[in-house]
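Below is one structure, written out as structure tokens, with a few remarks after it.
The letters A, B, C and D name the chains in turn, as written, and every chain counts its residues from 1.
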Amino acid sequence: MNLDSADRKFGWMEKRQQMKETLQLFIDSLKDELYSLSQDIWSQPELAGNETHAHDRLVRFFSQRDQNWTVQSHYQLPTAFRITVLGTPAEEAIGGKINLIQAGAFTDVDLVFMAHPAQQDASFLPTVTIAEVSVKYHGKASHASAYPWEGLNALDAAVLAYNNLSLLRQQLKPEWRLHGIIKHGGVKPNIIPAYSELEFYLRTPLLKDLCDLKARAEACFRAAAVATGCQVEIIYPTPTYYNILPNATLANLYESNGKALGIEFPEQPASFSGSTDFGNVSFVVPGIHPFFHIGTGALNHTEEYTEAAGAEKAQLYALRTAKALAMTAVDVVCCPDLLLQVREDFNRARLKLEE
Amino acid sequence: MNLDSADRKFGWMEKRQQMKETLQLFIDSLKDELYSLSQDIWSQPELAGNETHAHDRLVRFFSQRDQNWTVQSHYQLPTAFRITVLGTPAEEAIGGKINLIQAGAFTDVDLVFMAHPAQQDASFLPTVTIAEVSVKYHGKASHASAYPWEGLNALDAAVLAYNNLSLLRQQLKPEWRLHGIIKHGGVKPNIIPAYSELEFYLRTPLLKDLCDLKARAEACFRAAAVATGCQVEIIYPTPTYYNILPNATLANLYESNGKALGIEFPEQPASFSGSTDFGNVSFVVPGIHPFFHIGTGALNHTEEYTEAAGAEKAQLYALRTAKALAMTAVDVVCCPDLLLQVREDFNRARLKLEE
Amino acid sequence: MNLDSADRKFGWMEKRQQMKETLQLFIDSLKDELYSLSQDIWSQPELAGNETHAHDRLVRFFSQRDQNWTVQSHYQLPTAFRITVLGTPAEEAIGGKINLIQAGAFTDVDLVFMAHPAQQDASFLPTVTIAEVSVKYHGKASHASAYPWEGLNALDAAVLAYNNLSLLRQQLKPEWRLHGIIKHGGVKPNIIPAYSELEFYLRTPLLKDLCDLKARAEACFRAAAVATGCQVEIIYPTPTYYNILPNATLANLYESNGKALGIEFPEQPASFSGSTDFGNVSFVVPGIHPFFHIGTGALNHTEEYTEAAGAEKAQLYALRTAKALAMTAVDVVCCPDLLLQVREDFNRARLKLEE
Amino acid sequence: MNLDSADRKFGWMEKRQQMKETLQLFIDSLKDELYSLSQDIWSQPELAGNETHAHDRLVRFFSQRDQNWTVQSHYQLPTAFRITVLGTPAEEAIGGKINLIQAGAFTDVDLVFMAHPAQQDASFLPTVTIAEVSVKYHGKASHASAYPWEGLNALDAAVLAYNNLSLLRQQLKPEWRLHGIIKHGGVKPNIIPAYSELEFYLRTPLLKDLCDLKARAEACFRAAAVATGCQVEIIYPTPTYYNILPNATLANLYESNGKALGIEFPEQPASFSGSTDFGNVSFVVPGIHPFFHIGTGALNHTEEYTEAAGAEKAQLYALRTAKALAMTAVDVVCCPDLLLQVREDFNRARLKLEE
């Protein structure tokens, strides 16, 4: 990608720069209003899938911003600038974006932009796929002292599955993960457990490997049923989260714009083992999902990080990131060649998956 | 024991017979009152240690029976006949009789008599000892995908303990039992569990073997802590239930009296693998604890058995058993030699334990 | 069975007594010769299936005893008295009698008689069935440090099968047994094992239960293959040994005759957990297989017992047992009604199996 | 490090170049002789610790090369050029170099140079530490069907240790390895195994982590003894292999010299998970241990690689590597500053270990 020559060729360079500057000023002018919005949501945490206060507050914010905007509450928000702001709930637990994909929310979208707070600034960090699996064993209760031989021990099945999975780990690649709990391990010591339940997460860096891991884990779950004579149910209660497909063109543009705003990108960003439903979006629409520093080295999902996320200092980092994203959008919107390049990157990344 | 010669020697035979007949008539005269008492309690089930309604109802019953009786509610009931009726709650769960032993309730008692409903009539059935053990592992939580190596997995400890105990079973005598559940097996799949909990029952026919089984089970629990680097707490939340010491003299007297009332004793009673806190009483006072049929073949602790226990038919079996017990008391009370024999049996059974 | 009345009815009583006395004298007259025979075999132990010296020595003994006998070496020996002496090798390891059944050696036989040395005298002791199973796992080797994920770990399969079986034990009746070894557990620590092998014995008191145990053990073996992705071979290298079917008529006759010779039978013989291929014979021909004391309390298969088996004292016990067996044969041969009773016992025992 | 300025400062540049060229010609002149030597050893493979033919052949080669050389057979070989050629046997199995360190063979040595064939050319590849551990469980034999409760099952201990280690894997860093076999898993299925044996390898990238891994693995081994009541012996039959300490100065010199000879070094060499006793040497003397391509992509220790190692083509790669090593020696020998830098690198790497 040669940004400069593309710019000159189309004579857009100055306009782009002007638009970027206008955007920055605009974002800065909203600073107080955005912080108040952020504080409002931060101070009222809501559980995945039930973010009603956040929904209403955001809808109100956008509706009051501009009379020309049509805010489609409870679904999506198209704007006069042909930009869609999608509030996508429940990233952590049940994959709200995956539901939105299925509902067609990304059908008419060319590019997706999102940023996620982390420990560091990075235009791209590999996220891992994740499948949540719930395994239920059904045996037969019996008095554990008087007639244990009349029973089929569902807890035995759970423990054997745990053993099976533990031995499997030696035969998995080092980056793959499987980890879980015994959610239900029997009711009373004097009853052979008729029911047990495991909950496990399976993760791999690439989607194609996740299929392999799922098959091998399922074999372990089923084997425990075979050994104990129990029945097994294997359920995936939530959709699989995919890894994020990288897009080099967008990443480079974001880094250029970010550096212009003073963002420092470490040469070798620390590895990140989280998962996001943005991964699934990145498989259907080209996009970018940079991570940004918010002024703390604490790990996400710690109390310290939650604290930092609500601090006024974090606001500056968030706005800077918003500017860099907006500037990247300007680059692509203003330069059709860049959009082509972005699409080529997208297609190449998808093709690579089929190897 | 030669009952007849003993009787004749002391010339008590006729008196005893008269007393026994009087007792039977007396018990029969209370039939309706006792059934009403029984129904009252049966229809209001209460949890172990909280049997307040049953307590009050029984106290009222005895208080109203005879103005000469002193009913010591909330503790014990001595009578003019030097007979003590002890209401002993929570046989199943927390061993109320064991608390009563510790509180001195059996200090001045020569003999104890009790009967327990079952599937069959038997003057003695071996019951097994039981120790309830609660095992808690304390590890260290960590993100299971990002930093599993920072954690100490308490669920691993629980599963390894379960494995250890399962392999131990091959090295235990066939009548020994250990069985249990995983009460707490982790909170969320993406957190290395910092806490887990097992609940197990240990049972052997004889008290001295229970010590051995406890030591071996504890080694299994501790080994899992060693292997995983977790801390372990091993707690016995309730007192150990002992096996019932047999008393051949009392058993023979009970069988003679029972047969006279029409009770049929199977030659080889079916085995019974339950436990009772009467076992502990039988280690401090000579006693008898026959089992009696109540008109059903259903197993105790089934809904069918509960139903049968409340039926009027069960009343007849219960009263017949009460008579046989009372007649056995008459035998011993009237014949000092028999009391000596009962004590010899008791001492012999206790000595045998120390072998 | 009323032996006396049956005897009188047929007027055989005196003849039978005479025959029994003749037999005893005859056996006594052979005492030295039999001891020499016994010593000859005892002093030259041979492995199962290769008892050539014992075979030749026994054939020579019978051939030289009586010119009228046709000794069919290397197969069977019919006699003028319509009695067949069958030398049946390899009782312990590979079930020689089972091969003889398949070869038709018992087709024309009405009754089988055999005695086995033990710790005590008993006309019948329950023996247990046994199936020997060899389990081979085939995985895929790989460098255990560099590419463990390329391998399929056959040792994991063996360990998981061992875990599966260990947990299964809780759900088996106390008299059932399964026990074994890991015969092959990998070659070098730095190679993921491509092959492993287990050897297990399965035992139950009754043949019909053995089918159940085999099915459950096989499920455990197969489950380990499922969990690890290995291939499994389950092989029964030797035929199943059945339990001995009891025959009350023959047992009573043997006890009567034995008591007449001074044998003392304990009222409650100690339990015995061994297996014998005579069990299989007892399923096709009515028979008796008493155990006899040889003057030692040592357990079979100990060095002490081997010593005792060669001692002259053992000779007396063996001859006495031979006499009791021969006298029992006389009873049945002389009294057709007894033979009918024996057959009825046999049919009843077989029918009971199908319940 | 600035090679050029260092060269000029001391005026050694031309001399060094001349020496390097002389060395190259000299090595080329020995080509046939060296190939014959190589073929002689390659065609007669010998087991670790018994390389007598190779020893004799190499001693003869050096002795015949130059009358001024003193070849100290069966120990070490100092030369007139103050260069020591050390034949170090048994790199793979028992760590010959570690014995040589203990015997003082490296006491007077300033630098060590060695090269190892691999798939690629690399001046440095991280090798991993390795400890071999042999674990022996001593239980108590018993008849597995008749009296299993009399036994202490050593195979149970081995299986539980295997389970323990398998669960431990989740709590280890991805680059750590532990893998092994059950070398002895019982004798006969009907005997509770009195003895069992495991053989495991433990590996970590860094020596300090190996101590941690050893402690955790030992806890797993000991826990299995606790759970089963067996005795355990934990033996390290061979010395621990250390990782190779990197030396940037030597690595850069080797790469410069190698490139001058046409060696291509991949930018990101493939990872390598092997171990070598040169690691231990690198902790006592500064050194370099480059890997070199021999014309095949096959993995070491495959038949294909063995074949390739004996091919004439491999000779060229080997001689080229020998030249690059010799040239690197020339650099350091001729330039005292470089030697100082090498020593600083060495000290820094050692200090880093103590963090």
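Heads up, the rule we're going with is that a contact is a pair of C-beta atoms (placed from the backbone, for glycine too) under 8 Å apart; a residue touches a chain by one contact, two chains touch by 3 or more.
What you see is a predicted model, and the numbers here were worked out from it, not measured in a lab.
> Among the other chains, which touch chain C and chain D together?
Chains in contact with chain C as well as chain D: A, B.
> Angle of the rotation mapping chain A onto its copy chain B, from a C-alpha fit, rounded to a multiple of 5 degrees, please.
180
> CA centre of chain A versus CA centre of chain B: separation in Å?
Between these chains, centre-to-centre, one finds 58 Å.
> Approximately how many whole Å separate the CA-defined centres of chain A and chain C?
Chain centroid spacing, chain A to chain C, equals 68 Å.
> What whole-number Å value describes the gap between the mean CA coordinates of chain A and chain D?
Inter-chain centre distance comes to 44 Å.
> Hunt down the residues of chain B that sit against at least two other chains at once, touch-wise.
Residues 144, 148, 156, 159, 163, 166-167, 170, 179, 192.
> Using the touch definition up top, name the residues of chain A that touch chain D in the complex.
163, 166-167, 169-170, 174-175, 179
> Can you name the residues of chain A that touch chain B in the complex?
128, 132, 143-146, 148, 155-156, 158-159, 162-163, 166, 177, 179-190, 192-193, 199-201, 203, 273-274, 299, 301
> Where on chain B does chain D make contact in their complex?
144, 148-149, 151-153, 156, 159-160, 163-164, 167-168, 170-173, 192, 216, 219-220, 222-229
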